[in-house]
Amino acid sequence: MALVRLPTITHHETRFELRIGLLTGGGDCPGLNAAIRAVVKQGMGEYGHTIIGFRNGWKGVVDGDIIPLGRQDIRNVLPVGGTLLGTARFHPHASDGGIDAVLATVEAERLDAMICIGGDGTLHAASKVADAGVNIVAIPKTIDNDVEGTDLSIGFHTAVNIATEAIDRVHTTAESHNRVMVVEVMGRHAGWIAVNAGIAGGAEVVLAPEDPFDMDAIEKFLRHRHRAHANFSIVVVAEGAVPREGSSMNFTQELGKYGEIIAGSIGERVSAEIAKRTGFDTRLTVLGHVQRGGEPTPTDRILGSRFGVAAVDAVSRGESKVMTALRGESVVLVPLDEIAGKVKHVPAELLRVAHALS
Amino acid sequence: MALVRLPTITHHETRFELRIGLLTGGGDCPGLNAAIRAVVKQGMGEYGHTIIGFRNGWKGVVDGDIIPLGRQDIRNVLPVGGTLLGTARFHPHASDGGIDAVLATVEAERLDAMICIGGDGTLHAASKVADAGVNIVAIPKTIDNDVEGTDLSIGFHTAVNIATEAIDRVHTTAESHNRVMVVEVMGRHAGWIAVNAGIAGGAEVVLAPEDPFDMDAIEKFLRHRHRAHANFSIVVVAEGAVPREGSSMNFTQELGKYGEIIAGSIGERVSAEIAKRTGFDTRLTVLGHVQRGGEPTPTDRILGSRFGVAAVDAVSRGESKVMTALRGESVVLVPLDEIAGKVKHVPAELLRVAHALS
Amino acid sequence: MALVRLPTITHHETRFELRIGLLTGGGDCPGLNAAIRAVVKQGMGEYGHTIIGFRNGWKGVVDGDIIPLGRQDIRNVLPVGGTLLGTARFHPHASDGGIDAVLATVEAERLDAMICIGGDGTLHAASKVADAGVNIVAIPKTIDNDVEGTDLSIGFHTAVNIATEAIDRVHTTAESHNRVMVVEVMGRHAGWIAVNAGIAGGAEVVLAPEDPFDMDAIEKFLRHRHRAHANFSIVVVAEGAVPREGSSMNFTQELGKYGEIIAGSIGERVSAEIAKRTGFDTRLTVLGHVQRGGEPTPTDRILGSRFGVAAVDAVSRGESKVMTALRGESVVLVPLDEIAGKVKHVPAELLRVAHALS
Amino acid sequence: MALVRLPTITHHETRFELRIGLLTGGGDCPGLNAAIRAVVKQGMGEYGHTIIGFRNGWKGVVDGDIIPLGRQDIRNVLPVGGTLLGTARFHPHASDGGIDAVLATVEAERLDAMICIGGDGTLHAASKVADAGVNIVAIPKTIDNDVEGTDLSIGFHTAVNIATEAIDRVHTTAESHNRVMVVEVMGRHAGWIAVNAGIAGGAEVVLAPEDPFDMDAIEKFLRHRHRAHANFSIVVVAEGAVPREGSSMNFTQELGKYGEIIAGSIGERVSAEIAKRTGFDTRLTVLGHVQRGGEPTPTDRILGSRFGVAAVDAVSRGESKVMTALRGESVVLVPLDEIAGKVKHVPAELLRVAHALS
């Protein structure tokens, strides 16, 4: 994959003022405000740009719904979760005349470029808008961490911390009551939260979409463990975990309009199945919304800050249709075309550690 | 209520060695280990007593299932949630020959006294065992904080902290997505967690068993609020909250064998009702088991420590059928008879603060 | 002590609008914003009062330096430490014409009453201002918790949490390196933080002003402990701890203009003395400013909220020269005259627990 | 740099049992126990190896001071800071006959290989011991994060979190009291903690060894800021920060036997200088030991776990004189020769973000 490295800019030879539109799209998560703050501070302070915020993601661009963004508006937002711009799951390319409405707003507001912060849907929309002729730089966020091309997306790190804390908490109850505690965490297409929080929380079983599970093997493992040297177990389940094909466990789920699971979550099924097969006292905890809210970890604040600065630098250099990305210790730019339609999966080494330490 | 104040003992004139049984019963919670540690340290260090631990609450007493408790066993347990003794929801007085089995173990182990740490059920059992002739001192624990006669029971303070953190977290999502977030917390008979975490988290609506709610009024309040000056709301619901009689909302719940709610929790009902009536995007988070696990707050560590020391002092003085209790800044003893069958409710002043600040 | 119990007010028969001045004085601490928010919400929402904020404590009253306080100004401040009003260590009664300047501002702003949030100095000033004819209700705050007449003052609970977390942290280093770790915490006249955090953190030695220490006994205890069953120790020292008279350790400190210790803190002395006498590897950590900042615990948010509501209720009923106070589970009012010049000390029972569990 | 990528091992063709020595050296930090636990679990569970622990780092190897390491010994240590093996700052190559004593122990204990977890000194010792013929794999830990060749070393991430929390806390005091708060953090040779915590905490000024500072420029910046739009500032100083040559500020420090600063820390100097030059109320907080203790973050637990598994895999394959390292999302091995004597500095991009957002 070709990478465009950010040069280390210390002195700017040219200084030109742009009008830059800024939005946050998709589900909210901690660290978005750090990125917004960095875009405003770097844009105004380093380049003299004007930053125009749109309310509620692409919806606000389509509707021309603007929030003024000056130094005063970003005071004290660094440790605050959510997004001061508001957000919505709305995709201009999926609605009639959506892209045209975006272009109309870009013209009306005389925008030279846009910076959009979001996940899959928002990045896809960014591609389409770029194709329609708008200079655009994207910043990836998703607590699922499944955006291709970057080690980390905004929000993931905080989600892992919250999930780990929850596992730590149910751990003491599991041990005190001789129970199997099943904890369902987010992760529709990839098991990043489950695997990381599972390792950090010392879970005995971790179920991730990358590695379809075998209910018979789990039953056998739990029976052996409880017979041999422990009277409790923690099972962490990503919401997108699936039983191995031909497995002795079958199930179906009821999905809502955004693809969210309405009934019969995998956590419920796994929990019921373990209770039925082993007879162990088994309880389920579904973490839900707490995973995506509240104070961002320092890592998410730093990531948002770096991505915000890099995005402003990129639009100032005329880059477009690229995404900021973390690679090891560096922030780089990645062409949106190279990541489109891809899901970043948990690597085998990490899955192996989760299993080895169970 | 007659209170027996603890004298400040600095020098012991007499030194006699007792054999003291110790157990933790009912649901586990943070702070139990602090109490266990204090009983062992104070019992061994100050008086030269021998402490005999029973595994899994009254069940272990009935079965004669013993854990040795020396200085080594309580190392580093102060900040650890749960109970190193294990616990179970088992009541000797509710099972045939249970009390006799307890007396047999007391005799077999030559126990001079017992200290039992638990909630309603355990305290009731303690009363029955005391009536059968065993010297017994109880220490109250319940995350619901509804034990009469004491300002605080072990575990409650940590539960409020966890619930508040969860409300803080969903707050940012509520605000970013213009949602109503319903958070269901524990509290079957009293709304202590809901009211305290609701105030601390700045919830707009707090529903507690003490104050049956009016769905029409809630609908009206939320509509007014969202029209007037905000686009989101937090609703905290104690699991034991109930609609006002004659209310336009009716519901039934399916209960399990321990009285736990299996389906149709009040949180689900309230959430569905708000969504149906207002059309606002409404989401439910049920905190569940995380409320009773993990690292105890300093307050619960201190409370457990003080209660443990006071309980040892009490049995050493020959007290029996009393419970350690916090009253303002003092630890006192309360006769078990005075608290039997009572539920401590949230006072009107606190309910009023919850409503006033919404 | 005569207590004026707050009646439970549910319906107000009379509704009259007051102009109420509000200030925060003395050192800042977590929970002040909760109290400010409660005064504004309860004052405006329940009674229709107007709240006039003064910047930087009594200094702002003397200077007529006003901050407008409406619903918008208190949004999202509940979990934020410090005070949005600013604060200063300035006492009108200690400066020439100070009280007259206060009266002039009260008249210029047509204030019907004042609510002032502060510690010793601010409470004393409130008394003087009340004597000069101004209706005034005080809310106690001090991380030292040494204000007489109330179980808790705003800020103390958060300070104990921070100090406990620090003790937890140095604990692992002490154990890994076989060290004596000395932790100096705040507490000039009373050892509330030291004793509570010492118990919660499992400190081996706790030194508080209430109980002058004997360096010989400490040396003996540490030597015995390290020889017998441990290779590390935690010593928590309140900044106001003093050696017993006739003790073999003497020391002097250099004090600054606010009485703050500039050089030769007791922590340094104790640390040096232990190292010299025992030869153990001994290290000092002085917690300092982190103890009084940052996010308030739920307990401090609730306390601030209750005190704020109670203070508004009190001024609305015409009460004056009283302080809101927590007594057990109740919020009450205490005459300022009854607490003047007193320091609330750690009770013997709590000191005893700290020593018993070491 | 040549990297030896870890193959993904799923089935082991050969199974052979090794005797592996394990030690932790240098300063303790959070995450060491995660690595120890992983070495034991992976070594015993996957390969059937025997793990022999040495007490207090290389000192224990020289003295033949052994700790038995079985499954029981690593229970519940994952979230616990410090090292259950103990540690010491002792280097066998720096003491007479040290390496010979190591070899003698290796022979006496019939060790096939060693795994050592440590920073600079320990890695250097590992090289020397490897040169003497012992198979050895190293795992890097240092809260300073300045070990070359790896994105992260164990302990750094937790230190950044602690430092950020401290900055968050002094922030509210700075703002409430109109103060300059100077926070001194660890970082002798590189400013990783200062720069990361400075960005995460929103510090106005960050001083790192990589970028000698200009006191005149800082004075000018602070004066401008306090005149223009704020009345407080946070200054984060790495303990190894130095003034620019020819700067108008000169200072010397008194160093102890391990190179630690005994008196006249840079934080004190910078704090005094700012107070003198600007007249602003300026206060210093030196974080000290709390930065290296207590519960590891999930990131440090995961890093320790991955490094532990990778180290066991490496010695099982016969690798020697290599170090486990994180590169982006992968764990790899790096020859010890390639990192010897190098210090990893904060990259220009990160320094720039710290300055841009001030």
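Every chain is named by a letter (A, B, C and D) in the order it is written, and numbering of its residues begins at 1.
Please note the rule applied: contacts are C-beta pairs under 8 Å (C-beta built on N, C-alpha and C of every residue); 3 or more make two chains touch, one makes a residue touch a chain.
For clarity, every value in this text was computed on a predicted model and none was experimentally measured.
Student: Going by C-alpha centroids, which chain is farthest from subunit C? Tell me that one.
Tutor: Using the mean of the C-alpha atoms as each chain's centre, the farthest one from subunit C is A.
Student: Between C-D, A-D or A-B, which shows the same interface as B-C, counting it as a repeat when over half of the contact pairs match?
Tutor: It is A-D that reproduces the contact pattern of B-C.
Student: I'd like the Å distance between the centres of subunit A and subunit B, where a centre is the mean of that chain's Cα atoms.
Tutor: 36
Student: CA centre of subunit B versus CA centre of subunit D: separation in Å?
Tutor: So the centroids are 41 Å from each other.
Student: At least two partner chains per residue is the criterion; list those residues in subunit A.
Tutor: 80, 168
Student: Okay, in this complex, where on subunit A does subunit D touch?
Tutor: Touch list, subunit A to subunit D: 6, 8-10, 37-38, 41-42, 45-46, 71, 78-79, 151, 157, 160-161, 164, 168, 196-197, 199-202, 229, 297-299, 301-302, 305-306, 309-310, 327-331, 347-350, 352-353, 356-357.
Student: Note which residues of subunit B are touching subunit A in the complex, please.
Tutor: Residues of subunit B touching subunit A: 24, 27-28, 30, 32, 56, 80-83, 86-88, 162, 165-166, 168-173, 175-178, 181, 283-286, 288-290, 292-295.
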